[in-house]
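Some structures are shown below for you to check.
Note that chain A is present in both complexes that follow, paired respectively with chain B and with chain C.
And now, the complex of A and B:
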């Protein structure tokens, strides 16, 4: 894992953080070290490159809906939603009101469970195993509900599909979701308040300024942790987000602690969105009538760039249709792409090696959506 | 592309922005739908137009995408810029020759962010960005084949030929699959 450089200064060597590191995920960073300091870091993605963009050019929209789950393991329902919206626009589908509400509820549940994984990963990466166990435990309550609704704990197999959602909510699903909220709230408070000594570990490390964040293309909690109030749900609303009331948490410090705290505060906003959506959930159809995407996609021509606010920030689909069975071109913009390549290389310049895991995890990375 | 609806307040703001962009960028801006504008430009103007757009508030380079128009013999580069102040997405499209895919890098504006997006386009489509010092492979390791996302590259055939042996009884099945 280490190589000694043929340089005059003794103590200069290269060290790899990942992909075999217990907390790095399928990602690697090559650190040029001098003693305990990281002088320069180079990101090495590609361990999860599956070529989704090309795969989708060979498949029909309903098959792509299933495939879109896999773009990011930690937030599959939200990737379902971005894909479905792109196809909806190209095929001019009018999505029923009830389906829009169900889509939003599921996207927010997915966001919360993904934030729990963030907490778990932060804990694991910095030696706070109890935090990991608790967060993963609470995430499981959400997965049970996702299992009930979509039929899959982690992967919903294209539950949010073009034209609506695959199936209506099962009986008493609303109650099950509402019963979840106190549990989520407990975990949220735990994440924000418990163990201040551990939380202090993240203060004043990996600081990113507002100007740098914008220039490097930071999005989501990373951008909001630098004092930029930007949320796609509010600035570029989709589905029913413009009818809902929620705040956008922002912190000005730009360090690892600010990013992480913004993320944990977002859980409360997601809970507000879920409560409002369940209160207003209308009755009716959950799919566009006469949904025949296989035939109808051959009439679609045009292109669209759909942006959504995923757990990690702006995720987008650029889709070009030319009247064939399959899309002519699909481009996926993963939120971690900018976070994990240019930004992490910038932040890991002249830092202590002991800070690398803390900075790395505060970027809320998902190697799957970097590589796609 | 749909025509402009003039009954909402937002579209009035957008109308004003379109006029402003038309004059300052010196290009014709089209309206696709609410918060989506697009324009098509010559490839040699890309740095100039992007710089002006950045100065007008389109600060966020969302991504750069390439569409390979095989029949036309062109690569279409698509730059998606979001403005935090106007809350509008501006899509800048430009076409370059497929046989000689060269274009100037926009790293003078977005630095490492643009360079990384360009690295991806270079690796997957073979587009060369002049002025980008770092066009090393990003995802593919030890890849010696053609850029894999080109329309005329059939990866199914490539994998079959490179990976499987027709004379091996256990791998014969891959060659029997209908195309």
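And now, the complex of A and C:
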């Protein structure tokens, strides 16, 4: 994968970071190198394109709920939620109160496990295998609970579906979730320990200023790590977020360490949200009554753009219905797109090649939602 | 700092490991787990709802082998696990609870034909 560029001085060459690099995920970055330094980087996406937007035009909303899991493997429940909200709006479903609480609890659990993967990936990218193993181990406790509730460890198969959720919480699920919280807290504290090796790899690396972040369209923890307080759960509340108390962590430094720290602080806020939701969890239905599993668009007409705060930032669905069984048009806005193309190209200018994995993983990207 | 590491090591020596010794030990699989299908031909009314909702077109309504056709004259769902995404929409939509996803997920195979679940096997 290395080409010597003969026109330039000796020592200039191009090098690919990914897609076969163990720390790159399904993404590739072409780096123009001079010795050990990256002069210019060009993102090369497209390895995970599955054509969801077109596929969804050929499937009915309930089938699309199953498909929406796969937009991002690492946060499937949150994608379920955005999709379900778009259909709920178009079909004018009144979502039962209990279902709204369950949706929020699961979305937050999904956020926490995704943030653990972030820590795991940053550890892996910088050769800290212990961190990777511990984070993946603790994530597994969450997956066990997700399996208990949704029937799948990673893919919930549209558990959060149009009209509510597919099934009520099983017996003792609330207790199981509450039992998880001390484990999550242990892992969070472990990740936030001031490990000197960790600081050396991430502090003052890949610094993005507030102005640049806004200019490039950064969202989520990446934007909050640059000192901008922005969170869709707060700014444009959906489900029951306006009734819950939580803070939006922000850090001003804008470097890889700040972004990551914001992410780990968010875990604490998610824990608060889960505790409050379980405390207030009402009894009753979890699905719009009389809703058959086959949800059709027969009478829906109109369009909607709906956005949610996913683990990686603002993710959205734009959906148009024209009274057909299937949506007329679906457009998905993934949070990683801006992080992975303009921002990463900007940050990987004149840096050491050894810092590429550190900067790359600090962007908390998901190649799956870049390509969709 | 050093004492902290010692305490952590001692604690870890006495805590239960995160992993189990598979295949000698197995973790408990929750009842809702979406695994291999279980089909009850006697309660099935051949409505075809499962085949219509399947997002992956993994279900085909087929006739049973000729020697059983007298007993089961209609068409019944045949699932291709190779195409299935284990979403359990077929289970949710079945009016007679004839098709169910079980906790069994041990069905890795080298033979493509093993992935087909026939509604009923000839004797």
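Here is the rule we use: the second predicted complex is superposed on the first by the 363 of 372 C-alpha atoms of A that agree within 3 Å, B and C clash if a C-alpha of one lies under 4 Å from a C-alpha of the other, contacts with A are read in each partner's own complex, and residues count from 1 in each chain.
Just so we're on the same page, a residue touches a chain if its C-beta (ideal position, glycine included) is under 8 Å from a C-beta of that chain, and two chains touch if they have at least 3 such contacts.
Note that the structure is a prediction, hence the values are computed from the model and not measured.
**Student:** Following superposition onto chain A, is the placement of chain B relative to chain C best described as a clash or a fit?
**Tutor:** fit
**Student:** Tell me which partner A:67 touches in the superposition: chain B (first), chain C (second), both or neither.
**Tutor:** In the superposition, A:67 contacts chain C only.
**Student:** Look at A:338 in the shared chain and tell me whether it touches chain B only, chain C only, both, or neither; answer first, second, both or neither.
**Tutor:** After superposing on A, A:338 lies in contact with chain B but is clear of chain C.
**Student:** Between chain C and chain B, which one touches more residues of chain A when both complexes sit on the common chain A?
**Tutor:** More residues of chain A are touched by B.
**Student:** Can A:167 be said to touch chain B (first), chain C (second), both, or neither?
**Tutor:** Second partner only, chain C.
**Student:** With the two structures laid over each other on chain A, which partner does A:108 touch: chain B (first), chain C (second), both, or neither?
**Tutor:** Once the two structures are laid over each other on A, A:108 reaches no partner at all.
**Student:** Contact-wise, after the overlay, does A:49 reach chain B, chain C, both or neither (first, second, both, neither)?
**Tutor:** In the superposition, A:49 touches chain B alone.
**Student:** With the two structures laid over each other on chain A, which partner does A:140 touch: chain B (first), chain C (second), both, or neither?
**Tutor:** In the superposition, A:140 contacts chain C only.
**Student:** One more residue to check, A:150. First (chain B), second (chain C), both or neither?
**Tutor:** After superposing on A, A:150 lies in contact with chain C but is clear of chain B.
**Student:** Across all Cα pairs of chain B and chain C, what is the smallest distance in the superposition, given in whole Å?
**Tutor:** Closest C-alpha pair between chain B and chain C: 11 Å.
**Student:** Shared contact residues on chain A for chain B and chain C?
**Tutor:** The answer is that chain A has no such residue.
**Student:** Please name which positions on chain A make contact with chain B in the complex.
**Tutor:** Result: residues 45-46, 49, 51, 53-54, 214-217, 219, 228, 230, 235-236, 302, 304-305, 307, 314, 316, 318, 320, 328-329, 331, 333, 337-338, 341-342, 345-346, 371 of chain A touch chain B.
**Student:** Chain A touches which residues of chain B in the complex?
**Tutor:** Residue list for chain B touching chain A: 1, 32, 35-36, 59-63, 65, 67-68, 78, 80, 82, 84, 87, 89, 91, 110-113, 115-116, 124, 137-141, 148-149, 155.
**Student:** Okay, in this complex, where on chain C does chain A touch?
**Tutor:** So the residues of chain C in touch with chain A come to 18, 27, 29-34, 49, 52-53, 55, 85-89, 92-93, 101.
**Student:** Can you name the residues of chain A that touch chain C in the complex?
**Tutor:** 59, 62-63, 66-67, 137, 140, 144, 147-152, 155, 157-158, 166-167, 170, 292-294
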